[in-house]
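Below are two complexes that have chain A in common, paired first with chain B and then with chain C.
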Partner chain A sequence: MINASEVLSSIQSAFPGAVLDSRVESDRRLWATIDSEKILDVCKHLSTKLNFDHYSGAAGVDWIARNEMEVVEIMASHGAHQVVAMLKVKTPRENPSVRSLTGLYWNANWYEREIWEMFGINFEGHPEQYPLLLSDELMGAWPWRKDYKGYPDLTTGERAIQITTPEGYMELHVPPTPAEVEAGTVVKERPKYPSFREREEKEIKSDAEMIMHLGPQHAMVPGPFLLDILVEGERVKKAFLDLGYIHKGIEKIMENRSWLQGITYTDRMCYVASLSNNECYCGAVEKILGLEVPLRAQYIRVILEELSRIQSHLIGTGEFLTLVAGVGYAPWQYMIMDREKIISLIESVTGARLTHTFVRFGGVRNDLPEGFAEQCRKVLPFMKSRTEEFIELFAQDPIYSLRMENIGSIAPDTAKRMGCSGRVLRAAGVAYDMRKEDPILVYPDLDFKVVTGTRGDSADRIDVTLREILESIHIIEQCLDKIPSGPIKTEAKIPKKVPAGEAYYRVEDPRGEMGMYVISDGGDKPYRVKVRGPFYATFQTLTPLLEGVYIADAVAIAGSMDGCPSEADR
Partner chain B sequence: MLKRNMIKNFSWPLKTATREIEITRLYPEVMMELPAAERGIHELDATTCIGCASCARICPNSCIEMVHFKFGNPLKNKKMQFPQIDYGRCMFCGLCVDECPVECLTMGKKVTMAGWERKDIVKSPDFLATKRFSDKEVKDLEAEAKRIAAEKAAAKKAAAKDGAAKEGAAKKPTKEGASVAEKKKPEAKAKPEEGSAASETKKEESKAEPKEGGAS
Partner chain C sequence: MDGIIESITQFQAQEPAIFALIIGVVGAAIISAVVNVGAMLVIWGERKVLSDFCNRYGPNRVGGRWGILQLGADAIKLFTKEDIIPGDADKGVYVWAPIVASMATMLVAAAIPFGALHIGGKDIPLVVANMDISALYVEAALSLMAIAVFMAGYSSNNKYSILGAFRGMARMIAYEVPMGVCVISVAIMAHSLNLVEIVQSQTIWYAFAQPLGFVIFVIALITDLGRIPFDQSEAEEEIISGYNTEYSGIRWGLLYFQEYNNALLGSILLAILFLGGWQGPIIPIPILDIVSPLIWLLMKVVIILWCMIWVRSSLFRLRIDQVTDLGWKWMLPLSILNLGWAVLIGSYFA
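Our next item is the complex of A and B:
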């Protein structure tokens, strides 16, 4: 297995002069600034020669003081080695432009679109630079640049005026100042894109085809997103996806909040996985601070994150069943009933049912209450027998297997190429789990398997989910036996200002690989927080997956992915 | 075979339905049992709160406002400013509790707070305080605070005078102008301090204070 410094030397020898700056943080993290001319060649080299077949995402950073922007490409491998390469490409702040990686990695598409609409960095060679998360009127405002003042410019309060439209609505309007009119700077026509509607209507080729809307208000996934399908008869010919209905701009909000306050925002990205989100953010900050987490706190974190994984899987499975079978038949209520027990366990430690705000820099908020282990040992065997029952019921039900087998199946290679994560990837047979790939906390000391499927279809995804619950139960049982006594918070004082630095931290979210890229400039607030959400990655694969299936299956496939648009829409 | 399997899947719910299950239908007659760690409505110990406003600063939603409340501890909290929490915005994150330096703010098990109007869920320290002083105790403590403040002010005044005299003596051999400037400073400093100490306590006190200061 190669390590980070070997990767670096391989790039350096293949492309002399391409690496402008580099830092080997550990065996598993490589930071390098690459010449923007050579980035495509370097990535090609990485993917073909060094097994970097997992494009994990990209982050834009606006370095306003240095008058440049950066695109950070996050690259990893599906199990061949554990190196995560963070390749930075610089571009000037005026007319920023970098090469697009969409030709090499299919899934670079959304990440680059997001950077483009948020920072205004143009991606040369991107096939469809259309807005993804933002609404059309915000295009061109480049909201995540550091000099963005709000839309309209509400921070000054002077330029925005209220107009009452003929229909009686209030609208905010920013009139140009006379100086701006004279200089001709405001009349800049914003670039025109074909709207979502125009784009999908262009695809209608014959009278037999029509567009069907599934969403944004659809029971399909708990959260609004627009899924339009182009159908001919019962078959889906093409699917179109639009996000941004609940875009919260959490990454930007966190730039304006203190380090500690940021934890509360990570909760709200996806409430069923809030402990993993806490962990991811706190872990990244701990890495910058160089904090050691006491052993007991590490065990507490693992126990709670696994409990949270169980409850997330239960609600995910329950939701899926309401989609394929209707509420009457589906064991949704049984899943929720069982989940209630897990939630109560988590609540007895954290004090909250969903948004826990529990993990702290260098520790946890509360210790385990008295009798927690006994309570756990009572609930977990019950959960285990119950989950085994569920697995059996799913496996032997002929109607279910007729309905779900070979529906929406993904081959392992396709899944890797598309960059899916979590259960979708594992169901396809790729054993890729952050707890093994990028182990954190005490996971290396614990014994557990990475559950994989064989067919990669919807039934497999649910099977993998349920079997992961059993693994989680196994992990918690080990933790309860091993947990030492001791402090739950580090003794080191946590400064209000975090020293300048950057870190990329990955955890295994219930939905897959969750990564956070945190930059500090030495201030009391993060300079940039980039969230690489698991469902954002999986979501992108939904449209190609739907091509050619029946309309009724579209919902089942989307449901089996255990979606959380709230997290995709951060 | 097919039939038997299907029957099993239909009979399973019937089997489980007979087991004892938890239901939430009992609310509000019977409240759910909440754990000790529950993060519900805040509880304020007004006898120890020092009015530092740390809680108000850390709150991500800025829902804490420091307001006047009569029954706190004037010895510790001279301005008598205590947290008032707007539950319309509070998300029960508990950061304020963690941040409190004297641990007088905690979160209890009370979770219901419905109101007819928005202002009904803005809870003043009067509502939040689980521990407070009675009228009489507050009066006694105020008197105590007054006495301490007066003593302090007198001591400061004396110290300032001493310092000024000393400095003046020490600085004489050096340049005239510099020593005059130096001499003025401590006195100018002493006065506002007196004033602020007076205003920090109570109104009647502020009346008494200048007299005393003038006398001494």
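Our next item is the complex of A and C:
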């Protein structure tokens, strides 16, 4: 297995002068600034020669003081080695533009679109540079740049006024200021692109085809997103996805809150997995601060994150089953009932049911309550037998296999290329788990397997999820045996201002690989927080999977991905 | 008692036309009351039993802890809701669809015997229109519901509705044929198409005499009633609510109600055709012995309905192509096989 410095020297020898600046943080993290002319060649070299087959995401950073922008490409490998390469490409702030990686990595598409609409960085060679998360009136305002004034422009003291459009809808309208009218700059130059509606209606080829909405308000969607399917009879011919219905701009909000306050925002990204979101953010900040987490706190974190994984898997599976079987399906109610037991366990520690805000920099908020281990040992064997019962139930159900097997199958290579994560990737047979690939806390000391499937279809996804619950139970049981006594918070004083630096931290969220890229400029607030959410990555693969299936199967595929639009939109 | 019966028989002999008219009007009033109250109880029962399967309480506020008045409250709500007809809907058809649905159920109810009274040592069947071909008639009238569903889906001018309507139609055609063949098989064994005579001829229940036919009829019946695993025409996770997506208020209420009316009538039909109808030992207690056939039929119907709810809480919904596949490739050939079996056995015992 190669390490970070070997990767760096390989790049330097292949492309002399391409690496402008570099830092090898550890064996697993490489930071390098690459010449913007050579980024494509470097990435091609990485993917073909050095097994960097996992494009993990990209982050845009606006360095307003240096008058430049940065795109950070996050590259990793599906198990060949454990190096994460953070390649930075710089571009001037006036007309920022970098090369698009969509030709090399299929899944770069969404990450680059997001950076384009938020920062206004143009990606040369991007096939469909359309807005993804933002609404049309915000396009061209580049809201995540540091000099963004807010919408409506709050610095002028003007508020948007409510108007009624000719069609009878209420809309917010921002009147131009007198200064703007005088200067004649009222008409803003907006980028030209076809709207979502125009794009999908272009695909209608005959009278027999129609566009059907599955969402944003639909019994199928776990949260608001728009999935339009072009159907001919019962067949789906093409699918279109539109996000951003609950875009909260959490990454931008966190830039305006203190370091500690940021934890509460990570809860709200995906409230069924808030503990791993907490962990991800705190872990990144701890890395910048160089904090050591006491062993007991590490064990507490692992126990709670695994409990949280169990409850997330239960509700994810149960909800999906109702999509295929109808709400009267009894096992789903049993899953919810069992989940309640886990939730009560977590609640007894954190005091909250969903939004915990429990992890702290260098520790956890409070210790385990009295009798927690006994409670756990009572609930876990029950959960285990219940989960085994569910696995057996689905294995024996003929209608279940009719509806789920060979539905939405993904081959391992396709899953890697599309950058799926979590259960979708593992069901396809790729054993890729952050707990093994990028181990944090005490995970290296614990014995557990990475569960994988064989066919990569909906049935396998459910099977993998349920068997992961068994693994989580096994992990918690080990932790309860091994947990030492001691402090739950680090002795070191945590400063209000975090020293300048950057860190990328990955955890295994219930939905897959979650990473947070945190930059500090030495202030009391983060300079930039980039969240690489697992469902955002998996979500991108949905539309190609839906081509050519039946409507009922489209629901069975979309549901099996354990969606959390709240986290995809952030 | 004997005097009353004697005078009635006398009146029937003197004025047969008026007698038939009186029986018809009184019977119609009674069955519409019985069927509708029965359907309300079925809805309440389904909500309670399904909740029990799912480890919930179900209705438990309105009308005491059993929530028995919940449906009254729901009905008041539906009646007082705003009646919305979509602007682009085909208004005539849209308005008539729920009425056609109600009519279809009432037509079925007219010919179905709701049991019998045991008076003077013999069973007097409780049926309004005792026709010679009532089995065939009921079969035909039951499929009228599919027309109503199609009317509702087509006239709504809604993508989900029209898909639901198409699905309903495809399903109805695929399953009405095996269902009809099963009814014919029963009629061959019973040497009659009259439901009353079919019950009387069941010395051995036809569920045991032709088990294959029984299974096919049960599946076809569940399909006809549009219940899980065959509720594709209103699969809410796929097409919102299917054919009745655009309906609201009491029009929706009527469509919803007819499904349960049909569930009730279908269960009675199943009990009559295959489970011996109201047959059963007479309870040797005064008054109870008169209604004991009624009690037996009611018991069978309740068990059938309970099983349907059980199926709903434990099975997945099939895809529409799998449904039609099952109907044409398995149910139809098997039902014809069953017909052959019925002819063989029927002629042997005749």
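Heads up, the rule we're going with is that the second predicted complex is superposed on the first by the 537 of 570 C-alpha atoms of A that agree within 3 Å, B and C clash if a C-alpha of one lies under 4 Å from a C-alpha of the other, contacts with A are read in each partner's own complex, and residues count from 1 in each chain.
Operating definition for what follows: contacts are C-beta pairs under 8 Å (C-beta built on N, C-alpha and C of every residue); 3 or more make two chains touch, one makes a residue touch a chain.
Owing to the predicted nature of the structure, the values given are computational and were not obtained by experimental measurement.
Q: Let me test your reading of the model: by the given contact rule, A:M337 touches which partner, first (chain B), second (chain C), both or neither?
A: A:M337 contacts both chain B and chain C.
Q: I'd like to know which partner A:D460 touches here: chain B for first, chain C for second, both or neither.
A: neither
Q: Of the two partner chains, chain B (first) and chain C (second), which one does A:A552 touch, if any: first, second, both, or neither?
A: second
Q: Once the structures are superposed on A, label A:E347 by its partner contacts, choosing first (chain B), second (chain C), both or neither.
A: first
Q: Between chain B (first) and chain C (second), which, if any, makes contact with A:E502: first, second, both or neither?
A: neither
Q: May I ask you to decide whether A:M212 touches chain B, chain C, both, or neither, giving the answer as first, second, both or neither?
A: A:M212 sits against chain C, while chain B stays out of touch.
Q: After superposition on the shared chain, which partner residues are touched by A:I399: those of chain B (first), chain C (second), both, or neither?
A: The answer is both, since A:I399 touches chain B and chain C.
Q: Considering only the touch criterion stated at the top, classify A:D62 as touching first (chain B), second (chain C), both, or neither.
A: neither
Q: Where on chain A do the contacts with chain B and the contacts with chain C coincide?
A: Comparing the two interfaces on chain A, one with chain B and one with chain C, the shared residues are 334, 337, 397, 399.
Q: Taking the touch rule as given, give the residues of chain A at its contact with chain C in the complex, in rising order.
A: 210, 212, 218-220, 233-234, 322-330, 332-334, 337, 397, 399-400, 402-403, 550-553, 555
Q: Considering the complex alone, what residue numbers of chain B touch chain A?
A: 2, 5-6, 8-9, 12-13, 16, 21-22, 34-39, 58, 60, 91-95, 98, 107
Q: Could you pull out which chain C residues touch chain A in their complex?
A: Of all residues in chain C, those touching chain A are 50, 53-56, 159-160, 163, 166, 228-229, 231-232, 235-240, 312-322.
Q: Write out the stretch or stretches of chain A touching chain B in their complex.
A: 257-258, 260-261, 263-265, 267, 331, 334, 337, 340, 344, 347-352, 355, 357, 360, 365-366, 369, 389, 393, 396-399
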